[in-house]
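Note that subunit A is present in both complexes that follow, paired respectively with subunit B and with subunit C.
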Partner chain A sequence: MSATAVAGAARARARGLRRFASQEALLAVAVIGLAVVVGFINPRFLAYRNVADILLGNAYIAIAAIGMSMVIISGNIDISVGALIGVLATLSGSIAVAGAPTIVSWAVPVVLGVLVMAAQGAVVAYLRIPAIVVTLGMMSILKGGLISVTGGKWITDLPQGFHLADLNVLGVPMPVVIMIVATALAALWMRYSPSGRAIYATGGDAEAARLCGVNPQRTVVMVFALHGLFAGIATLVYATQLRVIQSTTPSGLELTIITAAVVGGVSILGGVGTVVGATLAAILIAEITSALVFINISPYWTDALRGGLILATVIADIVRRQRRAARGWKK
Partner chain B sequence: MTVAVEKTPARKLPRWLARHETLLAVILVIALLGLGAFNERFLTFDNLLNQGRLMTEIGLIALPMTFVIITGGIDLSVGAIVGLCAIMLGYSWKTFGFPLPLAIVFSLFVGGLAGFVNGLVITRVKVPPLIMTIATLALYRGLAEGVSQAHSVRGYPEWFYFLGQGSLYRVPTQLLVLVVLVVVAGVALDRTTFGRTLYAIGSNETAARFSALNVDRAKLIVYTLSGLASALAAFVLVSRVTTTRMDMGMGYELDVIAAVVLGGTSIFGGSGTIWGTAIGLAMIQLLKNGLALTGVKGDATIVVIGAALILSVLVASSLQRRRD
Partner chain C sequence: MSDASTSPPLLQARGIEKAFPGVRALSGVSFEVRSGEVHALLGENGAGKSTLIKILSGVYQPDSGAILIDGRAARFATPEDAKRAGVATIYQELLLFPELTVAENIFLGHAPRAGGGRIDWRAMRVRAEALLASLEIDDLAADQIVGALSVGNRQRVEILRALSHDARILIMDEPTAALTESDVTRLFDIVRRLKARGVGIVYISHRLDEIFEIADRVTVLRDGAYVGARPVADTTSAELVQMMVGRRIDNLFPKTVVPIGAPVLEARDIVRRPMTKSVSLSVRAGEIVGLAGLVGSGRSEFAQTIFGITPAESGEIRLMGQTVRIDSPESARAKGIAYVPEDRGVQGLVRPMSVLHNFSLAALGALAHAGFIDRGAERRMAEQGVQRFSVKTSSVDEIAGRLSGGNQQKIVLGKWLANNPKLLILDEPTRGIDVGAKAEIHRLMSELAGTGVAILMISSELPEVLGMSDRVLVMREGRLVAEFDRAHATSEAVGSAMMGGEPNLEKAA
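Let's look at the complex of A and B:
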């Protein structure tokens, strides 16, 4: 009985791995295929300028989607991240303009991001309040707080040294370097480290994880803290790219980040998924948005397309799970 | 037995007084009187009626949201449905050339359909309500943006404004509609099989299924009602502010969920009342108006509402734990 169960689990895992490899492969094919098709219709789409715009302008979304993937894999959700990035960007810019050392203006958003998210994680884990309530409340606190404190003022005259995103590493722009390094480190850590595996265990079944010696509460706090770390790094890439920082929260940013995480193959039921898919999905979404302009479709359709994409992925994921469960029952 | 009954009232509060709704009502009256003493413009008949006018859109959506949350679900797409229905109302009239009454009916139909789609995927495909309605939040708002291309519609005929700006015996028209619907929803939840089914689903869905309750149908109805109420709110809103814009209803989900949760409905499902939601709604509006009168701007009030949402869930769950 138990031997069959173990064998079944192993088979399911092998199938699961193959499936996620294919989810990522599918996304990579979609990214390249779309580039070829749209480039055929309008060659300017593939101009270096446009490709760089797509990658540089959206690297921060891919970075934030890494943390969001971890949150969703652990069985939670966060809708405050967009507002948090807006607040941190404003803070970082204000500190830089006030004349503080550059390193301080870079460190503050990262440290504060970790603290705010870890606090939310603690409320979710230890006080047992659903993440949607905590983060919905936090979103409005951050959003309203930012506008009422700054009055939506623009931050200009940023010092030259502030622009981290303008730097290069061996000719590769910094945002792309950070995106690739962050994705690779997170992917390896989640795949091979015990604490990385604990996230999957907690999201899969918190009670089973507890019986296996994982502390689900501590894991959830850790996941939120890491999510805050990536949100802080994303802020850094986002804010140091801008010449003028508008002290408002980018509207709908949390939805873009959640979409990237979910479309990237993170199962919304918790417990499975990878961060590589999330990064590919973030690039795909940016590419679609850009492609609309080049094939003369109004950008006002972007949100509808994004909503349709997330819906299709979620439904496909669940239907696949049900089929697999049905096969399991027959055996 | 009788001795015990005689003894307890001395030490413990009577049961009806310890209820969440009663406590809230007491707080509400104290807050009303406090604000009245603080600012003489507040406790006037006209100001209170005007506040009733302003809270109607949120209130209409809060009624089915109470149902949804009692079943253990949530609907984050309500604000987006308001936007979509406002655009559908304006565009079907101005651009497609529907007569205005037909455009209103069409917009209500679109709202009901939007809610029905939510319910259908939630019950048939078993997508968790949170994720489904986050996805349709993007989708429905995106449709409103795509159809309208950011153009607004205005210039409605005079009779159209009666619902949003008119009064009957000095009472705002839409407030009367809300009061009637509060009573209908309250009675439906309290006294009908349908209403009791919602509690059964929220307390234990598997048990409800084994009790031969039609769980899927009840959920489908609840989400459809949520879409329909959002469409009605869109109608009231357009009629009140006289224009149609694609960003209408943005952020409504926060106010609606805050009103429901503040009114004592458990975010985990299984308990809550319409009467509580009505008081929660009044408290949210009171908070907004009170803050506005003391000179706080609109953006700061959402900070307070967000904090109120988290705090009320915290307090409710810690009380629940103490009772257990």
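Let's look at the complex of A and C:
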């Protein structure tokens, strides 16, 4: 009896350890560890101003990375999101400047985000065109269209009420509030709703999922629609922070968002990952970028570091899989 | 042949041993092929034929044993080595490039060169045409695109490719499996020509009539071991079937005797082209019906039709006496049918997900309240399943893909049995799992039959079919060809019905 109790305790401890060694825990440790180390080298790194800058300036990336994680977990990818955020931000600003009610200028990007992404999801799911092709096409259309229509004109004189990101909830800036609430809701939904489970099943093995009564096509459309919702919300946070909206698409934004999802532990092969990891990774990447400035390393290294982070994560993922496969064989 | 027997065989394998993790694939297998001889290799699925030809063609290395070419020891570290020694293999799945021409496919990797390393297109064409002419193939041109050719012609291209390497030993793995009758005739014509040229041919087939038509000698493998070799002229199909399946049926498979009830499934004249041609059968409550047949006989396709994956084109399905329409897996499931597919990896299990989530995946609708999964109920369901099916896992949170094959199979079974089906269709329920897990699954099947579930079991393992079934049905080429009750289902009778060897059996008697 006591022997089984001991074995049970050992198993529980092993489970606890495994959870502790999860990607999310690793990222949380990295976020805090980096803050401590860089703060030790240059205390100004931990000043309220800088911490706020890091969080406020990158909350929209974390929010967009939530949707991106879902898309990648479902076995797809989206590279149009950066361009879409640029277009939606320009649209939102233009509507506000034209004198429409604030609520309309906030609602339009969210609704349009859902529609555009759902349409892409439908093409991917029902016409069976790989997501990378569909979203690459959409990226070009959006980027080109935006420049052609606006001629790259800046949007200025935004009305006072437009700036959602300037608000506070109990002293916490709105972008951070939205980031935390969105991450928490998405994490709960992914974990505990049948639809969230369907996303993991579809990405893990679409055929097995189909036999179990999951509709993989409908799931993919739903995932893209949700990704559009988060892209719309990310646009709100991004656009309402700016005093001037340059009607261009932020360069490399889609890559930053994908990086956050992948570094957050979402498997590029689908079926594995969490949205919490993506949010933490978005924060970590922003923190690294800022840290370079504070320890006097040329910011040109940012991209290289980000690339290294992606490679390290993917290699770690593959190695983990291989080790798992090797263990499976021996059994 | 008598003069050839004085010189050493073209190819000889002696005492070949090969083990894979957990499986002994070949033990002490010997085999030889002489110049101008067609030597057939016969055995059930899993007897070790594929492993042997992969060793002969350099894909695998034997753990021990020797390969001799012209009496001299040879070592094939890679398929390239085997090719250089004159051994060419034509696999069941043809390895051709559909976008390229016949000539390009033949000479891929060893195209004739002109000055400066450029490919000499003219020489290539001329040599391709010469090869075509040498086998008197007149309906194939060197510059045709391979993708547009019939299966028979593609196979001829593969044979030509082998000949372009000056192959002296040609291994053909079930070459007639996908051919039409006229293509088979032409293939045999080519085989006879090659024979006359002194090529040694290793011919793998399930079809006894073909072996009697084309082969000179036949070697039989069973469970990875050498059973014997016979000159074809001195043997009968009865003897060959006996050699292939003749192992004692031990009591590894204890189907307990339970009362058989009313029919649960009655299928009448089910047609779904091209694989299911008018199949009628019934399965009763508490009964296990074994569906035997060779791979490709249409058993799995029939099961998929009953389960609604490929709905029937015509025919009648009655469940518990009621005529029903089944046009999707959803409707089949709703009517009380469960189907455990052959390839649990592709079709039954989401490997990256946990045991817990796999168990609940088919029942999420029932587990959810107000849009969220009742986690307590989900965990209870999975833990009960793990216990009932004795799944060996550290916890239900373990990733399903990390468990052994037998335990994965138990999860798939458990998942489908969660909603208490009336008819359970099992396709190769114990393929690729170890003996212990096998016995466990057989015990579960008996137990389920005891509770009144009707079970239709597809299996390529004859001992399993004979040991577990109350009744054995045999399918061949999309039709039911024989039915045996438990008392009359012997391995010889079922085996020859599978193989279609009855006429020869009569001759032997």
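As a working rule, the second predicted complex is superposed on the first by the 310 of 331 C-alpha atoms of A that agree within 3 Å, B and C clash if a C-alpha of one lies under 4 Å from a C-alpha of the other, contacts with A are read in each partner's own complex, and residues count from 1 in each chain.
Just so it is clear, a residue touches a chain if its C-beta (ideal position, glycine included) is under 8 Å from a C-beta of that chain, and two chains touch if they have at least 3 such contacts.
Predicted model, so just to flag it, every value in this text is computed and none were measured.
Contact with neither subunit B nor subunit C is seen for A:44 once the two complexes are overlaid on the shared chain. Of the two partners subunit B and subunit C, it is B that touches the larger number of subunit A residues. In the overlay built on the shared chain, the residue A:130 is in contact with subunit B alone; subunit C does not reach it. In the superposition on chain A, A:148 contacts subunit B only, with no contact to subunit C. Legend: residue contacts after superposition of the two complexes on their common chain; A:267 is shown touching subunit C, with no touch to subunit B. Of the two partner chains placed by the overlay, only subunit C lies in contact with A:193; subunit B stays clear of it.
Look at A:300: by the touch rule set out above, it reaches subunit B but stays clear of subunit C.
Judged by the touch definition given at the top, the superposed model places A:213 against subunit C, while subunit B stays out of reach. Look at A:204: by the touch rule set out above, it reaches subunit C but stays clear of subunit B.
Subunit A meets subunit C in the complex at residues 11, 14-15, 192-194, 197-198, 200-201, 203-205, 207-214, 267, 271-272, 324, 327-331. The residues of subunit B lying in touch with subunit A in their complex are 74, 76, 121, 125-128, 130-132, 134-143, 145-146, 148-150, 251, 253-254, 257, 261, 267-268, 296-297, 299-303, 305-307, 309-310, 313-314, 317-318. Residues 21, 329-330, 333, 339, 341, 345-353, 357, 360-362, 364-365, 367-368, 371-373, 375, 394-395, 397, 399, 401-404, 415 of subunit C are the ones that touch subunit A when the two sit in their complex. Those residues of subunit A lying in contact with subunit B across their complex are 77, 79, 123, 127-130, 132-134, 136-141, 143-145, 147-148, 252, 255, 258-259, 262, 268-269, 298, 300-308, 310-311, 314-315, 318-319, 322.
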